[in-house]
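What follows is a pair of complexes built around chain A, which joins chain B in one and chain C in the other.
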Partner chain A sequence: MPEVDFTVEVCGMAGDGTIAAGGLINEAMSLGGFSVLGFDSYPAEIRGFGRCVTNSRIGSNDIVALGEKTHALISLNDEQSRSRAPFLAEHSLVFFDSNPPAYVSEDNSLLSVLPPGEEVFGMPFGELAVGASGSSRGRNLTALGGFAAVTGTDPNLFRKVIRDKFKSKGEKVVNINVKSFDAGYQYALEKFSDRLKSVFPKIETGHDPQKVTLSGNQAIGMAAIDAGLKLYFGYPITPATPIMEYLAKYLPEHGGRVVQMEDEISSIGAVLGSFYAGARSMTATSGPGFALMTELITHGVMAEIPAVILDAQRGGPATGLPTKTEQSDLHAAVFGGPGDSARIVIAPTNVEECYHFVIRSFQLAEKYQTPVIVLTDFFLDNRVENRPFIRASEGQAASWNVFPDDAFKDRYQRYADTPSGISPRALPGMQGFNFTATGLEHTEKGSPDYSSENHAKMSEKRHRKIRYALKDLEKPAEFFVSDNLDVGVIGWGSTFGSVLEAVEKSRKNGFKVGALKITSLFPYHSETIKAFMAKSRRVLVPELNYEGQLANLIAHLDSKPVERLNFVTGAPIPPSAIQNRIEELLEVVA
Partner chain B sequence: MKTPARILADQVNRIQKSGRFSPRSASLPTWCPGCGYFGIHQGLNDCISRLGLPLAEIVTVSGIGCAGRYPFFSNTYGLHTVHGRALPAATGVKLANPNLTVFAVGGDGDGLAIGGGHLPHIARRNIDVNYLLFDNSIYGLTKGQPSPSSPIGTKTKASPYGTVDKPLNATLMALSYGASFVARLFAGDPKGITEALIEGVRNPGFSFFHIYTTCVTFDKNFKTWTHLKEWTHALSQDYNPNDLRRAFNEVLNDDFSLGVIFKRDI
Partner chain C sequence: MSVKRFVIIGNGPAANHAAEALREKSSESKITMFSKDPFRSYRAHLLPDFIAGLIEEEDLYNRPYAHYNEMDITLRLGQRVVNVDFSKRNVILDHKEVVPFDGLIIATGGKPRIPELFQLFGDIMMTLKTPSDARLWIQKLSYVDSVLIIGGDLTSLSLTKALLKLGKRVKFILNEDAFWPVPLNEEIYRAVTGRLEQRGIEIVHCRRIRRITQLEENLLEVETDSELIEVGALGAFFGLVPDVGFLARTGLDIDRGVLVNEFLKTRFSNVYAAGDCAQVYHPVLRDYWISIGHENAIALGRIAASNLAGSHLEVQVEPENILEVGGVKVNTSWWTEF
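And now, the complex of A and B:
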């Protein structure tokens, strides 16, 4: 079978059903046995103002980054789709409404901006939908029918995912939608019979049942449930809100509760309160909300109370770009807040890791009795991947609480200075271990004490504990690493997929390039990172922030300067940009 | 020879001396001599003893201020959080383990200024937390600045020409926010505090205790012992705390009547 690497975009106005159509493409292709990575961008305004675009990259091999050139564009609104024309590959397939709704003005046609050589397929999306279902609302589905026919995709894949999507709304709705799809499919088969392609051949092995199509946000919500989350406290903020909505729907049936709090300060306050009393709880937010939480996060550090905080980063500072992606909260996550407040910061790089890292974050928080911050970003939260996905067993999600031994009853020291820095933690209700957790500097017993010796000793204890946590944190993973590299690329978070693809392509071009994936951002494995930097003649750190926040964090580990590649466009880094930079550096190295 | 009765008496004596079952912590309060908080401490400790609540199943949550130190002077579990955030933390504690009895304590700065945004929400969620607001109309721990309940014209080092902002009435606020139990009390009457607390702890929802108290160090003019003793008085004999309209009338007409102002019928 020829290798497939094909990118489809659906573009329309908010309200056109764009996101739904993109989602159906992801599901259908996943069902067909392909690898899929999808990403939607939508406007901050709800309807009638903004452009919606979904991007689905479909491949026969693993897909780790977004596609850069579009091979097929499905335009539900030409006025909006004109902006996508520059991203079209040569000879791409363009589907548009030949009889658009009245609200799309005539002088804004997509055709007038298309470069020559694109193959266009005009279909009366709305009329076909009216013919099939009596309503033009199914326009997006007739468009999908056209797409399936022209690309040679098995229509049963689409019929199945459309049925699944609408089955909760009853048989009638299911049939109407399948009919709309079929109307588009039949129309395109006949009308374009001489131009049909075979882009997506049938994969004989079919669908891998372990492959689940999931967004980062869904994976995070599932992880929280599988970890036995008892309480979720949150305040709505893009792009973290879908996590709260997911849990609000599914947590009650698993015995947990979602409480929408009055702000982010009370959310983290309640998370600390419930972990203090022994229940797993979490909150998810984005930069502006995270900033409000920092004081209480450092309270968790000082009073040694566990907490799980997910920061779904977006463009900043301040309100910034609510619906765009950025990795600019790293410094805030690692250093934010008053005092020497070392905490644990981890960052998944793909949807599968979102799931496993969130489960692990509860365990780390329990064992090390400190807030654990999970850094994701808009691109990671909203991207959809279909990778083999195995849910954690109860044992894998088991509690890592460290309780005091009964021998210490009535002479319990809550903040005992142990070699690891971990002091066994009692929970309210345990007889004979009563203590007061405090954000004041305190003795091992927990009484306020501002003496120099005590502050020095207890600061050391808290930092020793965080250093000790390294042994439970995932080590940086090396890709294509040999004894010496011309360029070593270090990546983190949602950006790592682009790093990996760029490195693979450079290697195919014959260059000695390797990659390092850092998922434990604080504390971090300085020895491993140092060794990787030492064997790389040049070190490149691509990031979605202005200054290079990870580069700032690790630059001191090696004497040669770290090359930074910083993007603040609100969009994921294209792999080609990293590849170009790698190859530029190689010219200098040579 | 020791009779069995004598042995038992000795044991009881030893246990009492050990303080193991006393809600009063071995650490002595750091409040100024003459502070009204001693009266509140007495009132709450007596409530715990009289209800026979196991100390390990009580959590006392506080924010920052002189009242914020309260958990250290109590033998219950304690959670001393940051400024203004006792109520969210108490919400988390109670929801995590509903078997615990949760007291939140704090001053008027902690509860009406920096933490003022949390009071309406814990009240409307009706979380079973017992919140004691120690209202002395002054910031004591930062050495005497006006608070949200200071009367207009309060002169302090931070307001040398007198304050111009209108004071907040915490009892009225709690009624407006829909608290299911509201009492107004006086630190000079620990027995009255105990009685109201016992009733409030039994209320299976948010209970608010607005406690007038003194700051003997930084307030020599307003909420002094002399003034509070003179001004405060019990609610009238025929007062019915189940009537919300009557409760509003009472609070609008009289700033100093003490007792259970409102109790929602269950």
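And now, the complex of A and C:
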């Protein structure tokens, strides 16, 4: 089979069914056995105006980053789609509505801004949908029908995913939608009979049943349920809201509850309360909400209460760019809040890791009795991947609570200073133990004590505990690393896919380049990072923030300066930008 | 002063040379070309060679896309102009886009002519005008061994050569309706059929075709007044007619093509027509003539553009180069080369 690496975009106005169409492409291609990485961007406003774009990169090999050039554009609104023209690859396929409801001026036309090599396929989307189903609402599906016909995609893949999507609404709705798809499919087969392609050959092995198509947010919700989440407290905020929506739908079936709180302060307060009582709970928010939580997060640090907080980063500061991606909360996650409040911060780099890291966050929180912050971002939360995915067993999600031994009942000290710094924690109701949750500096027993000796001792104990947590935190993973590298690229979070693709391409160009993936951001494995930096003649850290927040954290580990590549465009870093920077640095190295 | 917006409808030799000449004379203007076909400028005379496998499809095309970028010409392919509003000075595309113009050149060329008698069979008669037609021929020829050509124009003869090269059996019907663009007399008939027979082509001598029946997807039965023929495919080559149907209700003067004066100007200001779609007034003949052929198209395209840009060039054609075929006056200067 020829290698497939094809990017499709669907672009329309909010309400056009753009996101739904993109989702169906992801599902259909996944069903066809292809690897898929999909990402949607949409306006911050709820409905009625603003541009929606879905981007699906479809490949015969694993896909780790978004496509940079679009090979097919399905335009559900030409005025909005004009903005996508610069991203079209040469000779791309452009599907557009050839019979819009009203005349359009050249200034609002998509076709007027296309380069001449693009192949245009005009289809009366709305008219076909009306003919097939009596309503123009299915015009996004007729467009998909045209796309399937022209690209040589098995229409049964789309029919199956359309049926699955609408089956809960009854057979009539299913049939209407399949008919709309078929109308577009047949029209394109006949109308463009001499221009049909074979972009997506049939993969004989078909769909890999281990591959599951999931968004980052779905994986997070699923992980929380599999971890035995009892209570979710949250306040809606983009891009974290889909986690609450997912849990609201599925958590009650598993004996848990979702509570929408009045704000983020009460959300984190409730999470601390639940964990204090022994129940796994969590909250998810984004930068502005996270800022509100910081004081109570430090309360969790001081009182040594577990908490799981997911910060789905978006463009900031303040309300910022609600529906754009950024990695600019790292400093806030690691350092935010009053006092020396060391906590655990981890960051998955793909959808599969979102699942496993959330499960692990509950265990880390329990064992180290501290807030654990899971840092994701809009690109990771909202993107869809279909990778082999194995759910955790009950044992893998088991409690890591460290309870006191009954033998210590008489002399139990809630904040006992142990070699690891971990003080066995008694839950309220455990007979014979005392319970405390003080935010004041305290003795090992839990009594307030502001003396300089005690504060120094207890501060050291809390920090020792966090350092000790390193043994349970994933080490940085090396990719293509040999004894000496000309350029070593360090990545974290959603950006790592672009890092990996850029490094692979540079290596194919014959360059000695390697990558390091850091998922434990605080505490971090300084020795491993230091060793990687030492064997790299130049160190590059690409990040989606202005300053280079990870670069700031690790720059002191090596004497050579860290090269920064910072993007604050609100969009993921294109692999080519990293590759270009690598190869620029190589020129300097040479 | 605002930038002038020039629109050219068409993408053949007349249209392309018009665009290039306009750019030479008007560096600041916005030039947009519209073509209903989805492919860029091609060498039509090489289509039979492409079918015969002598050249690749890419060899058909004579202007890379980059050429248009370099010339700052917007080329919009696969986008059909369906109407022109001369009062508002807009062209209207089939996807309901409205594009304003200050100057317009109509250079839509010709389209395959199917005589009325044969129009019922239009869907099974194959023609050869575009790369898309050529691809269909290639596809069809992978299934069939024999082809009946009804024709007599240059394309039909070139295609016949390609078919022979591919080892196909070819039958040929040559009659007045099919011969274009010179009058078919006894002498020409004998000369052409003699040449064809020498190459192993079977000539079907008949006056008319009575019926065509599609027996199977790749099997046709053609009954003439002289014999019953079974063939795999049927090619129809009756020459070209100006492709100006979409202008019928716009108020332009149209006979067979767009009527223009000897300066290629239509009745509307700053609106010109050039190439195979134009019928040009000849002040000596006091009649209109149609231009056919690549070189004529180029010349007319350049004159139209120059005049639109402010020149006053007259089309110079010697009256003896204009023949009368079926009541139409045709400039066939290229035909003498055949």
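Basically, the second predicted complex is superposed on the first by the 584 of 590 C-alpha atoms of A that agree within 3 Å, B and C clash if a C-alpha of one lies under 4 Å from a C-alpha of the other, contacts with A are read in each partner's own complex, and residues count from 1 in each chain.
Just so we're on the same page, a contact is a pair of C-beta atoms (placed from the backbone, for glycine too) under 8 Å apart; a residue touches a chain by one contact, two chains touch by 3 or more.
All values reported here derive from a predicted model rather than from experimental measurement.
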{"item": "Contacts of A:115 with chain B and chain C, given as first, second, both or neither", "value": "second"}
{"item": "Partner chain in contact with A:299 - chain B first, chain C second, else both or neither", "value": "first"}
{"item": "Partner chain(s) touched by A:340 [first = chain B, second = chain C, both, neither]", "value": "neither"}
{"item": "Contacts of A:429 with chain B and chain C, given as first, second, both or neither", "value": "first"}
{"item": "Partner chain in contact with A:62 - chain B first, chain C second, else both or neither", "value": "neither"}
{"item": "Greater residue coverage of chain A in the superposed arrangement, chain B or chain C", "value": "B"}
{"item": "Doubly contacted chain A residues - partners chain C and chain B", "value": "none"}
{"item": "Contact set on chain A toward chain B in their complex", "value": "230-231, 233, 257, 259, 261-263, 265-279, 281, 295-296, 299, 303, 410, 427-440, 447-448"}
{"item": "List of chain C residues in touch with chain A within their complex", "value": "32, 38, 40, 65, 68-69, 74-79, 92-100, 132, 135-136"}
{"item": "Residues of chain B that touch chain A when the two form their complex", "value": "20, 27, 54-61, 69, 71-72, 75-82, 85, 87-97, 99-100, 117-118, 120-121, 125"}
{"item": "Of chain A, residues touching chain C in the complex", "value": "90, 96-100, 102-106, 109, 111-112, 114-117, 119-120, 122, 194-195"}
